[in-house]
């Protein structure tokens, strides 16, 4: 059973961690841990969140936590889960993975696929800051189209990253798991609800949470949440659940904002507003957003049924 | 009790007797029979363990890390490419001081692809912080599997351990094996009860990173633990002997080294053939001896020095080669002998790569080299088919 | 050979400053070297960068333990880091501060030069980026490098408008420094061996840590701005707390007499039309800033639905 806690004041990721001021992923973790409470085992992949929280002898974690490597976190979590089972301690808490987009959609993919397919009772949460931030903002498979990163810089022959984001939630869902969801640090209530759903199923769940990084994306640290909301309001980041294989609860975008509103606040897209041909690229991005909104619609906005586990 | 069975089956039974909580493994020749037999034991309800059928060796070791850190006794087995794929995870497990036990069914590394035995795979992981013990026969492999847990879980050291047994030569050989009595095993090996483990009640942080202020000290502590393992390995071996009435020696086993002029050092199953060769040579009046090196890491510096104190020449058989230099064991033995009194002549031999058989005649050749005091530069390849070689002379 | 150690915070351009210094020295016809202490620092955490200037080829690659000069980009570091460790007897410490040399908290025997680089930078560059300003000050205070070479190295790194304003800021600092008079240090400072060892506690096996021990780090030192709460208007929605990545906002509920008093006072204010009813009713609930940890990101202020939080420049 979950312990009782004062939902608002709980800080299971302690102060004094070394994340940049205004860090979206750190805020994401605060929200995740508020949703889970203290009865969780966290397996954390190498990346910004691991580094900022675990420099010996200072740990920011107030829950049992392990970091092993970059790409094996899903397997480490599988190990924790089976060990708890074998030792008769499963009731003690839920196993949760916290990993970046690089550790998830790229190098960690194989271990995740194994974990999902084997049916471990693990809630895998990817905070998506859309690049390898820990190593200084290199592109990942989750970097959006035309974002300029240190390995996908814009230049005379480049508009930045030349591929759209990999659709990891769909890949996770293709494993036939019962709960997949996307959320955003811009919507803390939504995030809390989905994390609580994710940990309530007794089989694998996959969550991907959009988490702006002011350093890598290049915006004022105060705007982390604002930017996260704009990603949703433009249709560039979709919020939905896939329950028992069915797309449900797509967050409606009532008043779609033009993508420029989102792009212009970020240095990683600034070149699009200056380069010849940049406007055409912005149109492409607008199309991506429009397609998202078309693709992620449910005929009748139905409530998800009981999650089968 | 003694029964005849395949080596792999003996290992599966030993694993069962050790009562691991979690097994995670990925199949690879010639380790497959071990994990198949363990799967069957679990399917039949004879072994109560969670078996995670992982999607790779990298994940096998990672599952063991997660499980071990949670307080479970863990087991895995692999070889060759699988062990190489585990490389970074091996260092990680050792650095976190998790007492994982792994059987390595030794096999050559690709390319060219080769599924047969040599020691290149585990030798290439010698700096990973794992204890490596090489066994001669299947009873020793089985007994050591039990001892391995006791060594690894010893609170004074807490280091993971590889039980290295030759692929095919041991894993696939039927021979009589001394069985392990479960009651005796339970007495000898109590359940794993670590002081530090992941728990909600006392939420510790595992796997922190250490900056230059601390890293050296963590490495030093780890190194000291490996050195202390020398004592623990010998202690556990003795204790096993007292309980089970058989013992396989400490870090090394000396065979007819008393008064020997020529001693050959080797590891693994080939030591049996070597012992027979030594007997033959002794019969012929040649003062030959053998050293079976059991513990490759930690390296038994003191034992080797004292065993070689009075010999005239020592030969080393390497079933591996550090390309561009020489066999790893030779290099280690040579540096061990540096600045000792009466340093013997040292002869380094490479043989038995990728499953090339080593009959007694091959050992005789090595003793001949030593007796004739032929000079050799680095490792001398024995039984090399020079007639098929083609070189671009430089 | 002259050795320079630069203390700053992640994001302040300490490493860039060292590099620009080396480039400028090279322009002056010297051999030079610049390197950071490679850490995993994020914005705000203390960082160190080093530069060596010499007439001969430099082979030495260790960190700098006995600097001739120290540049302190952020005076708040003085309480957190031993910035003058190992300073040579004739050494000079250049500190970014509006205070006078006597008041920055360094020992009296040391030749300290202060300069309000933040003020100059805000004035000329428009952003509190002080590294180039301090390089101008360095040239002025030490005479080790010509100001023209400093200008060249800045322009080469930041072409265009940005470079120009940085050069102006550097020049201003240069002039201020050359007019100040010198007061040599009398004694050398005790040297520290290597980087500061934080603690001498025994290390456990396998680097296992204890929960929440990061709380010893005062990340509040990182901030440039701090949020000021207007509790009279606050509707107690809790959005600010939910928006803080650093758990630096706490909710506290007053009880007993304290609560009664707070509610009473609020009722009066409400009657006087000064605060809203929603705020008055929950006046016993406080959302409080923990200045020890607030990094000053400004998210809480951005998210407060009633604009009840204002970001103010931190007085340092």
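The first chain written gets the first letter, and so on, giving A, B and C; residue counts start at 1 in each chain.
Here, contacts are C-beta pairs under 8 Å (C-beta built on N, C-alpha and C of every residue); 3 or more make two chains touch, one makes a residue touch a chain.
What you are looking at is a predicted structure, and each value in this text was computed from that prediction instead of being measured.
Colleague: Quick check of your reading of the touch definition: is the inter-chain graph here a line, ring, star, complete or other?
Modeller: complete
Colleague: Name the chain whose C-alpha centroid is most distant from the C-alpha centroid of subunit A.
Modeller: B
Colleague: Closest chain to the overall C-alpha centroid, by per-chain C-alpha centroid: which is it?
Modeller: Going by the distance between chain centres and the overall C-alpha centre, it is A.
Colleague: Could you see whether A-C or B-C has the larger number of C-beta contact pairs?
Modeller: It is A-C, judged by the count of C-beta pairs in contact.
Colleague: Indicate the whole-number Å distance between the mean C-alpha point of subunit A and the mean C-alpha point of subunit B.
Modeller: For subunit A versus subunit B, the centre distance works out to 43 Å.
Colleague: Need the CA-centroid distance for the pair subunit A / subunit C, whole Å please.
Modeller: Whole-Å distance between the two chain centres: 31.
Colleague: With chain centres defined as C-alpha means, what is the inter-centre distance between subunit B and subunit C in Å?
Modeller: Subunit B and subunit C have C-alpha centres separated by 54 Å.
Colleague: Among the residues of subunit A, which are close enough to touch at least two other chains?
Modeller: As it turns out, subunit A has residues touching two or more other chains at 51, 54-57, 59, 61-63.
Colleague: Find every residue in subunit C that makes contact with two or more other chains and list them.
Modeller: Where subunit C meets two or more other chains at a single residue, that happens at 40, 198, 203, 207, 209-211.
Colleague: Scan subunit B for residues touching two or more other chains and write them down.
Modeller: Answer for subunit B, listing residues that touch two or more other chains: 96, 203-211, 214.
Colleague: For subunit A, which residues are in contact with subunit C within the complex?
Modeller: Result: residues 6, 8-9, 11, 13-24, 26-27, 30-31, 48, 51-63, 188, 214-215, 220-226 of subunit A touch subunit C.
Colleague: Which bits of subunit B are touching subunit C when the two form their complex?
Modeller: Residues 95-98, 158, 196, 203-214, 217-218, 221, 225 of subunit B touch subunit C in their complex.
Colleague: Spell out the residues on subunit C that touch subunit B in their complex, using ranges where they run on.
Modeller: 39-40, 194-198, 203-211
Colleague: For subunit C, which residues are in contact with subunit A within the complex?
Modeller: 10-11, 40-45, 198-199, 201, 203, 207, 209-219, 222-223, 238, 241-248, 250-251, 290, 292-293, 295-299, 301-303, 311
Colleague: Please output the residues of subunit B touching subunit A within their complex, sorted ascending.
Modeller: By the definition above, subunit B touches subunit A via 21-22, 24, 49-50, 52-56, 58-60, 62-72, 74, 88-89, 92, 96, 198-201, 203-211, 214.
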